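Below, chain A partners chain B and then partners chain C, in two separate complexes.
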Partner chain A sequence: MRHRTRSFMRGGAVALVLALAATISIAGQTQSAAPAASPKAAPASAAAGKAYKAPRTPDGQPDLQGFWTNSTYVPLERPNGVTKEFYTPDEAEAAIKVAAEREAEQTEPGTTADVHYDFSQFGLDRSQSKFAMNLRTSLIVDPADGKMPPVNAQGQKRAQERAAARKTAGGQYDAVENMPIGSRCIIMGGAGPPLMNAGYNANYQIVQSPGYVMILTEMIHDVRIIPLDNRPQPPSQVRQWVGLSRGRWEGDTLVVETTNFNGKNGFRGASENVKVTERFTRTADDTISYKFTVEDPTTWDRSWTADAPLVKTGGPIFEFACHETNYGIANILAGARADEKKAAEQKKGSN
Partner chain B sequence: MRMKLAVAIVAAGLMTGIAQLHAHHAFAAEFDVNRPLTLKGTLVKWEMVNPHSWFHLEVKDKDGKVTPWMVEGGSPNQLIRMGVTKNTVPVGTELVVEGYQAKDGTMKAVGRNFVLADGKRLFLGGSAGGVSDPSKAK
Partner chain C sequence: MRNRLLIGTTLALMVGWLLPVLTNVAAQAPASPAYRAPRTPDGKPNLNGIWQTMNTANWNIEAHPAGPSPARELGAAGAVPAGLGVVDGGEIPYLPAARKKQQENYANRLKLDPEIKCYLPGVPRATYQGMPFQIIQSTKHIMLIHEFAGAVRTIYMTDQTEAPADSWMGWSNGRWEGETLVVDTKGFNDLSWLDRAGNFHSDALHVVERFTPRSPETITYDVTIEDPKVFSRPWKMSMPLYKHVERNAQILEFRCVEFVEDLLYGHLRKQPAK
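After this line comes the complex of A and B, so read on.
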């Protein structure tokens, strides 16, 4: 059952997509066309960086400040069946069209999939807002096949141990501690590092002051205050959900290395030993090239790198007081108890 | 024709490869697919707070008895960016909500579809038509 026409497709965004080239920003509905760009231009955002000189902060740092989003339709890993690194503009347009239609598709009333609020009504359909776009078929650029490297034996063993521990703890809805970390408002995907689009509210604010860079993540209001003074990494026993970051400038590129994760929310199965190296380079007034490399020899035998540009968006970043109305936790636990009661009554009735 | 071919080429890959919207929690664990409902009521309070907004409605039955209901909606952040605020959908607004009731049978529901009394779908496009800069919102 499809109730409606996609406002995205009505709104001329298709024409904008045809103008894709390097990294451009797209407003889904009403904003004016993105700056014209030749579809034949080199798709690597670095190409634009050569000609562009980033503005400077009063203390002389390349200025990365402002509000940015990494919302995108480009998946982290290259889809099965796609073998090339870049789509043509036509193919990219088609990919966005298919993805946007799927996202706004109405579900069949009376099915489990329909038990949800409507994404588009709440502005959670990505095409309703600004999103970062390039012609890449995957955000992963290394390995060359666009896929994450296989998890090694040590990583697999750890995943099995975690699964066994979860099983011992009981069902997912037996206790609040068994529920997913994100549902419990502890931390969410995308908080980073690395910065990964969370699907919605994928917004960030960067603020610089002499000696520091601050990155505020809207989802779920995590802040990293990154010193730039070459101080040593803290001792290994000091660990955080978002790790501990140290930054430095390499030319106009801000390089941030993060270690000291607590390992409870390992990015893509990583352990507490993971090291994330991020590279921020402003390549246009409205674009930051953002590349990150993930290294964890206890999970993968080789490092892997992704290219996930940030584009300028409107501020401010809104509060994300996640615990405040997280009534869902109590409702889900109550629902599970109601299900158990019903099952017990049915069992009793059948005896 | 060229576009159709391009769609065909990428569609299969997208079925497995597209970055998915993440739900904050499993809705089918909270609400009951076997309890679909339509509520017509007056908005008395709107909690525009994460991880989900909650709409408090007073629903009057045919005998005039008023029952308070709580209806779950999406994260408010994007709504605000679209120009939808407590001022554009004020307390006192008459709403029709289609959704599913909580599994435990209490007066809570997820709002599948929000419609104003005049039949207009609520929020869609917002009062500001989807601008991402709230300073431009009306």
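After this line comes the complex of A and C, so read on.
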């Protein structure tokens, strides 16, 4: 249910999704080795051998290049009632099956979800694409209970203020600014940082040149160029939706620190003061260990860390032109205005 | 007599062919043919860096005088600077109906120019749109990352395929010819423009770009445009690219969707009850 709600928000623009269907299918098809809810195909990063030595780029950096996905059935937070850190392979398979069935329900003919779009097609349903197998019960590894730390008083106050501002701004379909950021094709969930499984199309391309690492997120062709030359952070006036990233190699681990967020898309309620530290380590030919730590003293009294490995997937990544065919926004707003007009006429008629 | 005529005709033809080439040479400061670019660690000419054009091609790739701003409120700040043009031979060889369409595009540019709507800029417009772009060069993939709308191109150097479907930025396969990176791009939709003057193309567009380093901080950028639905013959444009040498240069976010939403959807805003 939660997934359905989120999918609706992200894909609120129905026509958009239909228009993109062809695009999505390309990424889906290339992943022909996709395991259909089988935990056997993709490796668990934790199990990858310690002795693994990552290949090198021509300039000597550990080589992270290629096409990767962080698609996973492991939730960010540990489900209620689960107390252990890892499932057994059988338990993991059972949890995946439940999640996959829940996604499949969304395509039931005659339901609202089915009108939205058919999850069984175009790689929208995770089971059709490669996903990162992980025996963890939650992506969060710190705090040890696998849950987000509680939002502190400052964070709660901000959340209330944001809710109040939304109320003043009117209904969701009163104006484009009131609609979800994803529906407006401004930014999608997976772009990060941190890189978070976006439900579908969770594909990334990494390219390295001397002094730089570039990460392309398939969803809305979002590119992050990370300089590795120890340059200082830009002035605090320069703020971006995805923040500004600075990277360095610590042994074979790429460490990327990102600040200067604009706070308009605060990850899990974070403010513009959030700092995200990511650690990329290639642990096998087909696996990058990806861990990230989120710090924001104005939202949480402690930092939290997640472990969300990337696995190699088939390329290439096709253009995700979202805004250009976002007929959904205009149609949704026009529909809302038409409804209002009709309601006003009915009211007039009944007087 | 007959022979002389033939020679004359041949000469005239030759001049006709050479003229655009000569014009091109005149337009560009002569590149030292001996220039050899520094190499990447894998031995290729190193094109890495943040690049930008310094011309008025995005206003009009053909020669044009200065003119007023298409949006009255912007006054002189939005006015069009004059330019000598970047098209070899001066004029784009449109088919007659296509030239008419370009003129209609120009007349309605405030409504039609995809740049105004923050749409992906297409190729080659992305190169000379006026904002910087970064080249991230690796052995298999060369990425061109543009500040405008975060437009991005992947140039496939090894794993080359046909365009799987039409797109705004096309599908680019690249190869090295000596010092030159040659990029062959097809698979375009017919929605992007070549500039703000309504110059356009169809989905039959085929673009070949040649990036030739001409000094440590400049690249000669030559483009051949082919589109039999719109142009009577292939034609070329040429311009230098300049490298950003500021130590802190970087591509910043220009996520322009937010900036155009009121323009595109403002008329659908809920009006206060009367």
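Definition applied: the second predicted complex is superposed on the first by the 285 of 351 C-alpha atoms of A that agree within 3 Å, B and C clash if a C-alpha of one lies under 4 Å from a C-alpha of the other, contacts with A are read in each partner's own complex, and residues count from 1 in each chain.
Please note the rule applied: contacts are C-beta pairs under 8 Å (C-beta built on N, C-alpha and C of every residue); 3 or more make two chains touch, one makes a residue touch a chain.
Keep in mind it's a predicted model, so treat the numbers as computed, not measured.
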item	value
Superposition on chain A - do chain B and chain C clash or fit	fit
Partner chain in contact with A:Lys130 - chain B first, chain C second, else both or neither	first
Touched partner set for A:Glu77, first chain B, second chain C, both or neither	first
First, second, both or neither for A:Asp174, with chain B first and chain C second	second
First, second, both or neither for A:Ala321, with chain B first and chain C second	both
Which of chain B and chain C A:Glu161 touches, first, second, both or neither	neither
Which of chain B and chain C A:Val98 touches, first, second, both or neither	first
Greater residue coverage of chain A in the superposed arrangement, chain B or chain C	B
Touching partner for A:Asn197 - first (chain B), second (chain C), both, neither	first
Contacts of A:Glu340 with chain B and chain C, given as first, second, both or neither	second
Partner chain in contact with A:Glu218 - chain B first, chain C second, else both or neither	first
Smallest separation in angstrom, by C-alpha atoms, between chain B and chain C in the superposition	7
Set intersection of chain A contacts, chain C complex versus chain B complex	173, 185, 220, 315-316, 318-319, 321, 324, 329, 334, 336-337
In the complex, chain A residues that touch chain C	22-23, 26, 57-60, 65, 170-171, 173-177, 184-187, 205, 207-212, 214, 216, 220-223, 225, 227, 231, 234, 238, 240-242, 315-319, 321, 323-324, 329-330, 333-334, 336-337, 340
Chain A-touching residues of chain B, taken from the complex the two chains share	2-3, 6-7, 9-33, 36, 47, 49-54, 70, 72-82, 84, 99-100, 102-106, 108, 110-114, 121-126, 129-136
List of chain C residues in touch with chain A within their complex	40-42, 48, 114, 118-120, 134, 136-141, 143, 145, 150-152, 154, 156, 159, 161, 164-165, 167-169, 191, 247-248, 250-253, 255, 257-258, 261-262, 264-266, 268-270
Sites on chain A touched by chain B in the complex	7, 27-31, 72-82, 87-88, 90-91, 93-95, 97-99, 102-103, 109-112, 114-124, 126, 128-130, 137-138, 173, 179-180, 182-183, 185, 188-189, 197-201, 203, 218, 220, 313-316, 318-322, 324-329, 331-332, 334-339
